[in-house]
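A, B, C and D label the chains in the order they appear, each numbered from 1.
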């Protein structure tokens, strides 16, 4: 996301956390939101694999919270550490839960791709928390 | 976005439009949503450059519609062509308008980055429309 | 939504469309986004009623576009008529399609509630279009 | 929001928290998202009142997190208590911070309306936490 990097670098008054952790966290959470959305849509028609409603719901949870993470981090001029910390924690929890559920469905490639992406996103959010402005 | 590409390819029953145009359109619209968000946040503190409220509002318009484009395209199993066509058209209009406004502020690097990204996103949305399922 | 009405009335420089049509449209689209979300969640466990994946997908489409309508209309200071018109048209199309699909499932109360709400939202969006700033 | 109440009541397998607290929390957070959006848009043109960039940013923070609260609560079939608790906490923090900032601008009616709504939303989120499924 070269344009986003350039935009963040051109910000006239960034909080200190608009660094590489923020860019990685925005990128991984954006991708995670879309991968979870695709996984949920795929699970809807995987009728040979039992009840996937739990997996679909976790995908939807995860997509929602991932989408919001980037929207906060892409506004680097101000950061309310307390709010952001709770949002990043919620994202880590939702991603780990979704990864755990998707990992169980090892016969479906999209669930494995989703589990991997959820773990990358959770890692990126965890790395972001200590980089927030104190 | 390799994981998203893998997830889309693993979808068991995609509509025909889950091809490279969709992947490009998701990627560019995601990046555009974040770049516009960063540009709006930067404009809020660019107090030496006159009234930027029009630029900020166009950035916010553009970020909203860009964010929704990817959410639709990341669900490839079903596509309501009529709805999607209107959404892609709205995104093209918002992106072109935002690019035009940002282009005027050539003293601010973030506005130039944003104008470029808005044009890339508009191009990707225009290329997506003929790729929608008939 | 008395607080929203008061906030819209207190706006120092509204476009002419921040009137009663806008308030109704924001309220009905917000409610429609949530009702569609609830209907999709309910359909996920209605395993005695055949394949509801089409209904779920239409609910998700409708929830997405409904959510964005209010976000645009709640910013009354600026309105890009062309963008907003396409978004409202997309919302009408998605709502009518979702209403039609939900109406077919007359054995499920949540689908009937959803069909009614989608029609109210479509009506409110249609009434909003001529009220947009020229 | 009678239709939403009816949809929630028609859900075939709700978690125990789809009760009156959930309906109130969805309604107040939806209204808060829109009121904050309107307040930010109004602040953009309130040029006689000094630098309102902090108020605008808090409004945008608050609108984002409020919008997601309802999207989670409107899916009553499943609730990941840990994720939801963090999201509700984040919403309370963002609402209280925004209320505090808006309250300072007592010469602007939209800021007072917004402060009141943020407090109502924070109260509703706080009341929701103990109602979550254990």
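In this text, a residue touches a chain if its C-beta (ideal position, glycine included) is under 8 Å from a C-beta of that chain, and two chains touch if they have at least 3 such contacts.
Predicted model, so just to flag it, every value in this text is computed and none were measured.
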{"item": "Which of C-D and B-C has more C-beta pairs touching across its chains", "value": "C-D"}
{"item": "Most distant chain from subunit D by Cα centroid", "value": "B"}
{"item": "Centre-to-centre distance between subunit D and subunit B (centres being mean Cα positions), rounded to whole Å", "value": "27"}
{"item": "Centre-to-centre distance between subunit C and subunit B (centres being mean Cα positions), rounded to whole Å", "value": "22"}
{"item": "Contacts with 2+ other chains: residues of subunit B", "value": "41, 44-45, 53, 57, 71, 75, 77-78"}
{"item": "Interface residues, subunit D side, partner subunit A - complex", "value": "53-54, 57-58, 60-61, 64-65, 68, 71-72, 75, 77-78, 80, 82-83, 86-87, 89-90, 93-94, 97"}
{"item": "Complex contacts: residues of subunit D adjacent to subunit B", "value": "41, 44-45, 47, 51, 53, 56-57"}
{"item": "Residue ranges of subunit B in contact with subunit A within the complex", "value": "1, 3-4, 6-8, 10-13, 26, 30-31, 33-35, 37-42, 44-46, 63, 67, 70-71, 74-78, 108-110, 113-114, 116-117, 120"}
